């Protein structure tokens, strides 16, 4: 789960990490008021959206007066932000952050993420902050400091001090940076984060250590024990179909193509997209119905697929394990009765209860005129691509 | 022979009464011929399940009463990591954790806990279909009938996969092509897990009754790259492979946490390249995994 | 550091462990009111003192009415409690607890203490609760369940369930007991306890699990990070001289004898008591002035020793390491000038700056007429015993 | 020869600038001839101490610059366990922790952390006087002059003790009686600590230049009983001993946490009995420890 920058800042501040004064507002007029309340001469107005590329898109603006703050916020609220991460249609801005700008002496990067290979969370730090850490990692790997946490004991104090020293900090600034790291690590563990990133952490010209921008994501699997975090979720940032799928326990991601896919298992779902593309088609979505799918869930899956009006065909690929083929066949028929399949449907079934499923489909043949069966995955992909071009 | 499980493996199911699939799949394993000997369900000790298997409150009691040496875990996510630790602490040799959705930090701690038992215990999963040695022992949720037990004249393939249903695809293709399977291991898609490719590859390489290997990976992480390097250096048997997610858009989370591409690490291309450089025959289409194995077999 | 039973109950309750309804009061009249407020027919009045042996001394009483509660409390407030643990002079009672009595089906023991050999905290449990666990451990060691905590990960859930099962619990009671254990272990770690003991934990006749009596002590070395715990300390339970010594960072324990000892180092201080006793004397105290003792602290040490009017002689035994002999010699002279040594003083000095110390004492010989020097520890013990008998 | 430290041991002091004694005793060790090579004090890196030794912010920096293989820790109690872990993580071989008053649970966790380094690191203390090999290397707070370096004709005794000043007593008595000391190890009085009697006994038994052993214990715990059993089985050199706290009243806490008697465990009587049963000559009076060693020596 993702949260907005302003929410991440609040979590950092609550954990005792210093952030510049800031206010989050939902109107241009409030942005002007926020500027006055912050009461420093130079401030920054930042659109609160999940997508990156805000700066280039003009959705991060330095302002010197309440009027400028209002103008900047007004622009952000009235225009959709378009960046490489949003797609051409862009996204609407609902909130902006008005924050005190600071006089920066140097920018650093501090992050905590899982290191899969070491099976533990690791600190990533760099004295080259303020830019994409992936770029630094790629171009100058020696500028990246890694400090794995102890899997059971967390980040030891000395390890935090070691990172601060390697970043070049000395004196009381070193211990301030070590404290930022220790508090970030505690935050990561406390809330089951999947990333805690402060970029940049800055040293100001008057010697202060401040977190300027922050990104915090959470482990979806652990949200059950963090109702306070769950309450911070912003549904406006999600595709309505994706939200609807999530409610039905379906793992659905909308994509740009026109061939809808319904598959069980994430790996097989990705492989199905791959094989569609290999045969010249373009998948309209990723959809893993999961092992424990119930009849109603499977019908809802078809409803969601068909409500994407770009869809020109449906490929069903089920290799039954936990999921049962017969249940999917029944859902297909139910969906046909309810919403009707105007587009071609290619079905490939294998695994648990496959014979029962084939019998069910054979019996309902007349109800599903656009239905074709496939013998294997290549056959299925070929047929759906052929039927939709 | 085979790896990890065989006809004498004695298996309990932790979470045998739960709605997480424990009851359903205990029956499935029994039907396949697995020596299921009991299960646990805290608070229900002393009763029996629908198959007449004894239920215990703790693994300590179950192990004492049944002599189980393996466990299949269906315990719900909030308690599953603890169940894994329990099995290890009680001397269970093989832990197969099916449960999906265990918090990552729970697994970080559980893996540390397990590390203290060294070679005494092996974890497969979590979030995996399980392990099967066809004709002998099935621990997990895979449909049994798609597998082919080894018999004279049938080449025997060992299968390792991060993805459940994609494993079935590979199994089914090899069966269709007239191969058999020595053992199939679904290592699971979670970022922190038990056995990874390398450990299973080592087992298959050492197993006299495995003739060739199929390895199925997906985008995210660098386990496939590491495995490819290992294969280049240590594996002499023919290996075919497939990587799912070639066409997945970057930054989107596809199903399990395994499938996030971040930066230059863990893309399908980097994996496929590394695997081909290690001499692995990588199928372009998931429909051609069996075919790729035949090519690898011919060398 | 120790706290009272009522304070331990409050900590347990805050941690989510069920305890019977109870009120702590400081007057007999309030005890009657507490009985009425608790509003159950059978209750128990318990003196809140650190010393054990309350039951036998008559300071734990079952009562059936507010009047009985008042009478029982009145007795406790008006009489000093004398038990094997208090010494003949007994101790005054300042607070009593009026608690609902429960219908007990079975009594259990649950405790958490450090296992030195394993270097971790360990659960100690027994189905034979309500009695001294040391007695059970001695007579029926097989009735004791031990479950060491993981040093870094604490008590795993399964280990708590395993203890509950070994105690014979099944069904939902097993998980309740496991929860009590997990919460106790969390409490131990949260507050740096040195013991958390629930004795008895009871199963009531109506199937409830309740903590009836609890003892919680804390690691003195960790109190610096638990101001809330430090605030629970009851100075009334300590000897005034011991409190005064603690303020001066002196490790002082008052004993029954008449030969005061001033020593540096806990081991040497105990050994000094041993050698005094070996030569027929009786030490009046244990006093370790510590390595970092300052001049004022050393003088205060002499003041404290001499303000015990049982003292008939003083033995000073310093083997200077961190502690410097010259500083002790100066303190001796300063104390002599301030309070005067009417009793014999035997001084044995060795180690850091010993020659300077001897010179100082030689020079001040006239000021300390009762002073004798000793060549070694045996000599010192002989001389002080001879001088005081 | 000797154990643990010798003339080439290179020592840093963690907490070299602090009021905890780091500055004072760094000078003491230097004066004795110890190869003190630097120290750490977070926030003061780049400066020098009164003796001209370089000060660093972290042990990583100190070790790189000085090649230290041992450390003496005077870091204040709230940070001392972390300092111990830091030294271990940076590859310091011998950690001597002088600091008194470290929270017990901090040490429980630190000891676990150290355990992961296996034989690579040895911890002495905390709450101990330190280690000295007379004439070669002193790491700690003991007065140097009471010790006697081995020389031809002088018997060499290894001394282990839980109590600081009582160790000096034993050292002084052996010096007075014309013995020398191979190495003296104050293992400290805390309940959770590094080396215990048994490990040091093993080192002394194996050390060709240790002729006899003195072991000084105190009430509380069962380490002396365990050590006695170990001596009976494994130690062939003469051993003398003393147990402090024979007359301490039960239930009173005398100085360090080591000295609590609870139940039947850890009384002076049980320790003395166990030691005598193991053939150790136990002195009744702390003034007679040297005398007891002479008796043990004569067998």
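By written order: A, B, C and D. Residues from 1 in each chain.
Just so we're on the same page, a contact is a pair of C-beta atoms (placed from the backbone, for glycine too) under 8 Å apart; a residue touches a chain by one contact, two chains touch by 3 or more.
These numbers come from a predicted model, not from an experiment.
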item: Steps needed, at fewest, to go from chain A to chain D via touching chains; value: 1
item: Labels of chains that are neighbours to chain A and to chain B; value: C
item: Contact-richer chain pair (by C-beta pairs counted) among C-D and B-C; value: C-D
item: Centroid spacing, where centroids are CA-atom means, of chain C and chain D in whole angstrom; value: 28
item: CA centroid of chain A to CA centroid of chain C, Å; value: 56
item: Interchain centroid distance [CA atoms averaged], chain B/chain D, Å; value: 50
item: For chain D, residues contacting two or more additional chains; value: 109, 112-113
item: Residues of chain A touching at least two other chains; value: 150, 152-153
item: Graph class of chain-chain contacts, one of line, ring, star, complete, other; value: other
item: Each pair of chains that touches, named by its two labels; value: A-B, A-C, A-D, B-C, C-D
item: Touching residues (chain side chain A, partner chain D) in the complex; value: 150, 152-153, 156-159, 161-162, 165, 170-172, 174-175
item: Chain A residues within the chain C interface of the complex; value: 150, 152-153
item: Interfacial residue positions of chain A with respect to chain B in the complex; value: 85, 114, 116-117, 119-121, 134, 137-138, 151-152, 189, 192, 194, 219, 221-222, 224-225, 251, 253, 255, 263-278, 283, 286, 288, 291-292, 319-322, 350-352, 376-379, 381
item: Residues of chain B that touch chain C when the two form their complex; value: 42-43, 45-46, 57-61, 79, 82-83, 85-86, 89, 109, 112-113
item: In the complex with chain C, residue positions of chain D that touch it; value: 21, 24-25, 77-78, 100-109, 111-113, 129, 141-143, 146, 161-169, 172, 189, 191-192, 216, 218-219, 221-223, 226, 242, 244-249, 251-259, 262-264, 284-288
